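This structure is in structure tokens; I'll ask about it shortly.
In order of appearance the chains are A, B, C and D, and numbering begins at 1 in each one.
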Amino acid sequence: MTDMQLGLIGLGKMGGNMRERIRRAGHTVIGYDRNPDVSDVASLAELVDKLEAPRTVWVMVPAGAATQSVIDELGGLLESGDTVVDGGNSRWTDDEKHAAELGERGVGFVDAGVSGGVWGLKNGYALMVGGEKEHVDRLQPIFDALKPEGPYGYVHAGKVGAGHFSKMVHNGIEYAMMQAYAEGWELLEKIDSVENVREVFRSWQEGTVIRSWLLDLAVNALDDDEHLDRLRGYAEDSGEGRWTVEAAIDNAVPLPAITASLFARFASRQEDSPQMKMVAALRNQFGGHAVESAKE
Amino acid sequence: MTDMQLGLIGLGKMGGNMRERIRRAGHTVIGYDRNPDVSDVASLAELVDKLEAPRTVWVMVPAGAATQSVIDELGGLLESGDTVVDGGNSRWTDDEKHAAELGERGVGFVDAGVSGGVWGLKNGYALMVGGEKEHVDRLQPIFDALKPEGPYGYVHAGKVGAGHFSKMVHNGIEYAMMQAYAEGWELLEKIDSVENVREVFRSWQEGTVIRSWLLDLAVNALDDDEHLDRLRGYAEDSGEGRWTVEAAIDNAVPLPAITASLFARFASRQEDSPQMKMVAALRNQFGGHAVESAKE
Amino acid sequence: MTDMQLGLIGLGKMGGNMRERIRRAGHTVIGYDRNPDVSDVASLAELVDKLEAPRTVWVMVPAGAATQSVIDELGGLLESGDTVVDGGNSRWTDDEKHAAELGERGVGFVDAGVSGGVWGLKNGYALMVGGEKEHVDRLQPIFDALKPEGPYGYVHAGKVGAGHFSKMVHNGIEYAMMQAYAEGWELLEKIDSVENVREVFRSWQEGTVIRSWLLDLAVNALDDDEHLDRLRGYAEDSGEGRWTVEAAIDNAVPLPAITASLFARFASRQEDSPQMKMVAALRNQFGGHAVESAKE
Amino acid sequence: MTDMQLGLIGLGKMGGNMRERIRRAGHTVIGYDRNPDVSDVASLAELVDKLEAPRTVWVMVPAGAATQSVIDELGGLLESGDTVVDGGNSRWTDDEKHAAELGERGVGFVDAGVSGGVWGLKNGYALMVGGEKEHVDRLQPIFDALKPEGPYGYVHAGKVGAGHFSKMVHNGIEYAMMQAYAEGWELLEKIDSVENVREVFRSWQEGTVIRSWLLDLAVNALDDDEHLDRLRGYAEDSGEGRWTVEAAIDNAVPLPAITASLFARFASRQEDSPQMKMVAALRNQFGGHAVESAKE
């Protein structure tokens, strides 16, 4: 494997650690961030200048407007033969647009869904990649640097968009798995005869069908706070769960468990449930405080 | 139609009005209630004494222990050829037991699901009846007195248990219909461009697919309190929704909408959601505050 | 009410009946359809020509490309002061685009969700309308002609888009109500002791909480085919259910019952369920035909 | 740890392997099965005879009537101070009855949920145990023999019933996890741009949030049959998923994802969906083939 040169845009928690992991593998990374304290160059233009053609630039900034703005600017700076990777959490439907926009200038486009969080620097990042084979192949040394050791944690999933789509589905599955453990935990906590719910969870870590990394995390959390008394029952969602359900609807695929998990998060963030006010109102109407019918 | 003599046990809101409606139809009702202020007789024994054989006794007390106790006592007082109707909200699985218990003494048993609430006295009660034809036929004059005018509002649904089962399913359907309107209302209220949600609901009362008595009640409720600000999003459930889901599970029938409606009520009654605490805890674990794995 | 002149584009089942109902109310309708057999004019240009300014044109063609094409063409033909109504099943997110496009030329835009189907000609069409007050007011005589008699069946729901949004939510509610009755019916049919399911449904038409027009239709259907033996359990969806769920997701509103109803339709159209193949595959793996772990 | 003597009733796939694993740990097992080819003794009476008091008897037969019959017979054979373990898949609500029945004769009762399937012999069985401490402590050498090595795979979850309850919830969680992967797989398979769904699944086995033993099994299954073409989308359920939902309903705990998973299995086993016939029938009614209302 030859050492490569990579431009990396976005040096936040993820991007910064990825720069470090790629460098440790012997590649050269020129990083750019709006924050000059962490940036290697002063501007995108300087970053592009410092890279030898054909260039490879990895974009690692928030999905949506920020990514669009970087793609647009890169479109004006890069040359035919260069390649851009979007490693952020972009919606897969943006990938084709970005590929087309860059493709008009002869610049290749690869989308990469990246999983790994805070353990990625040490253990590697799982990568799901979409794009044309020639573009993906050029990036292979970088993907190899980032991915975990061993045969897993990397896939060329398909065409442009397939990487982010696979990562999105990964997150949808994650929602339902988290919900599964959460439902089970609540039910166990509710039953008086089950006296050691935390130890039940711990015991499941070997020999059971439901052992998993998420289960390990659940046990960690219960070791910190046995009945989770210090937490509120409030869960954000990051967008990828929503996109998963929308993709399913667009394709007439029923996703009952993943959608139930998403809706449970929505409901958890409501101070009071408007829909349950209406249910309560209808129940009151039965109770006799109402005239016979709204129409009379 | 010959005038009948009926014993009626339980003279609460429902039972009291039913006595009145049956009397207005020209039948004789001897009512018993634990509350002497409303009772016509001092005891069940006196009630049975005053009825000419073959007797017909309508039980209208809370489901469960209260109904069981009355059935047990009647079993000791009635004679072969008499008939008991359970018009309360008993679980249908109790009906066969009660029929068997009374049947050993030659006493017939009919179960009757009753709908109508506060409008029943004026408009009649919808009746869903289960039992042997000979027992049901004997009660027909009473059923005719109670039911609404016209061809609807009464059915001999089938064998013992079929009346309560039908009423239970009626309530399950009611849960999902209430939830349907409630979900739609919440979504409309959420969108800024929809400025007159109450008037949208009102407009639906004619010419639409979703016009219904429940919709009329919803408009009533919105006329009282346009945005339901005076209510909490908190809804009880009465048992019949739960039984509906349990009957479905016993019969491997999927009931996704009815069950979702029941679960929404459960969630509405939680101060904080334990399962969402676990989801939040797992999200925190991703955030890097955790050791790598609970197992290390 | 002064008689109005209206251009009506799209004379299919809905549009043709609407033309008739508006004419019966004394207004002048010039209709255009691609099918010359039903069209009053040969082209959109001729239709616009024949209307006196300020013109009012009602678009009643399929949502999406067909509506877009008509709006585009009208944009080139109409003049400042004219008004366009989109009475088709357009997605509400299209309304703002159409309003902006026409607004640039001074042409007003109103969106109208229309319910009524085959009974609309006789009984009137329920109308949910969005747009600026001045544009809506101009159309009032036409709305009055179309709507059912009496105080219901018409609402000015809010700004542009609010009409189609309200109609969309109407359809979402409709999905869950249909599902509610369907679930109840399946459960009743499954229980041997309930011998007269059709009569149970019929009895519910008076005196119950769940009486509705949809229930009346269900009884109609069961009168035609008591156990629905002549039908397949296969249900299409029309787009508005999907949009309702997507709008809910965009606004973080949980819609469990409506979404369950949509997913049930998706599943009904699958010859075989891919996701259940995976569940079956995992169950097989437990059964011992697998090596210990895919990783070894 | 002293070697123990254990009576083991039920020598099927699970029981036979458990006998072997306990023997390998140095304990004495006297096994009884209705099948004389695998049984060590000719009858339960002989088994009880051969054990020295205080005896320990492990029941490993199908839940329900078979287990009840063995418990009843043991109740007549055992003496005060003996202990019975029910290691089958009994419903937790049976455990208290069995404990009371045996307790009247001074016989202790422990319930044990056992997970492990075909890998249990080699890797150990995960055990979730309920009962009084003194009874559980007596069994500890056997539990230690059966469980996996290391700190996991065994828990004394609480009082009588807590073992089976915990195992039941384990299975409920398992349903939702299987459904989560299955939904994700179906969605990925549906999208053309994702060309290597199997490899996406394989890649997830390291570095992702959703890595698990079930994921490993899914990859195994896809290695056997990449698109699962050889399977039907048909999944049985074993009872424990149903009991989990029923326990949740009894305790007003919302379980949307687990219940959705159960209902998906129910639906997968229907040749045709009755409820979707009703939805189709209602849609037909809209289409104009119906009279206006069932009531006219």
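Please note the rule applied: a residue touches a chain if its C-beta (ideal position, glycine included) is under 8 Å from a C-beta of that chain, and two chains touch if they have at least 3 such contacts.
Since the model is a prediction, treat every value here as computed from it, not as a measurement.
A.B. asks: Would you kindly count the fewest steps from chain B to chain C, each step being a jump to a chain that touches the current one?
C.D. replies: 1
A.B. asks: From the centre of chain C, which other chain's Cα mean sits the farthest off?
C.D. replies: For chain C, the chain whose C-alpha mean is farthest off is D.
A.B. asks: Please compute the C-alpha centroid of chain A, do the same for chain B, then give the distance between them in whole Å.
C.D. replies: Roughly 47 Å separates the two chain centres.
A.B. asks: What is the distance in Å between the mean C-alpha positions of chain B and chain D?
C.D. replies: Roughly 36 Å, centre to centre.
A.B. asks: If a residue has to touch 2 or more other chains to count, which residues of chain D qualify?
C.D. replies: Each of 117, 123, 152, 179, 181, 183, 186, 190, 202, 205, 209, 213-215, 253-256, 260, 263-264, 267, 275, 286, 295 in chain D touches at least two other chains.
A.B. asks: Think of each chain as a node with edges to the chains it touches; is that a line, ring, star, complete or other?
C.D. replies: Topology of touching chains reads as complete, every chain touching all others.
A.B. asks: Quick check: in the complex, which residue numbers of chain B touch chain D?
C.D. replies: Going through chain B, the ones touching chain D are 152, 209, 237, 242, 245-246, 249-250, 252-256, 259-260, 262-264, 266-267, 269, 275, 286, 295.
A.B. asks: Which part of chain C faces chain D closely enough to touch in the complex?
C.D. replies: Touch residues, chain C against chain D: 117-119, 123, 178-179, 181-183, 185-186, 189-190, 202, 205, 213-223, 225, 228, 231-236, 256, 260, 264-265, 267-268, 270, 272-288, 290-295.
A.B. asks: Residue numbers of chain A touching chain D in their complex, please.
C.D. replies: By the definition above, chain A touches chain D via 115-117, 120, 123-128, 130, 147-148, 150-162, 165-166, 169-177, 179-181, 183-184, 186-188, 190-196, 199-200, 202-215, 244, 247-248, 251, 253-258, 260-261, 263-264.
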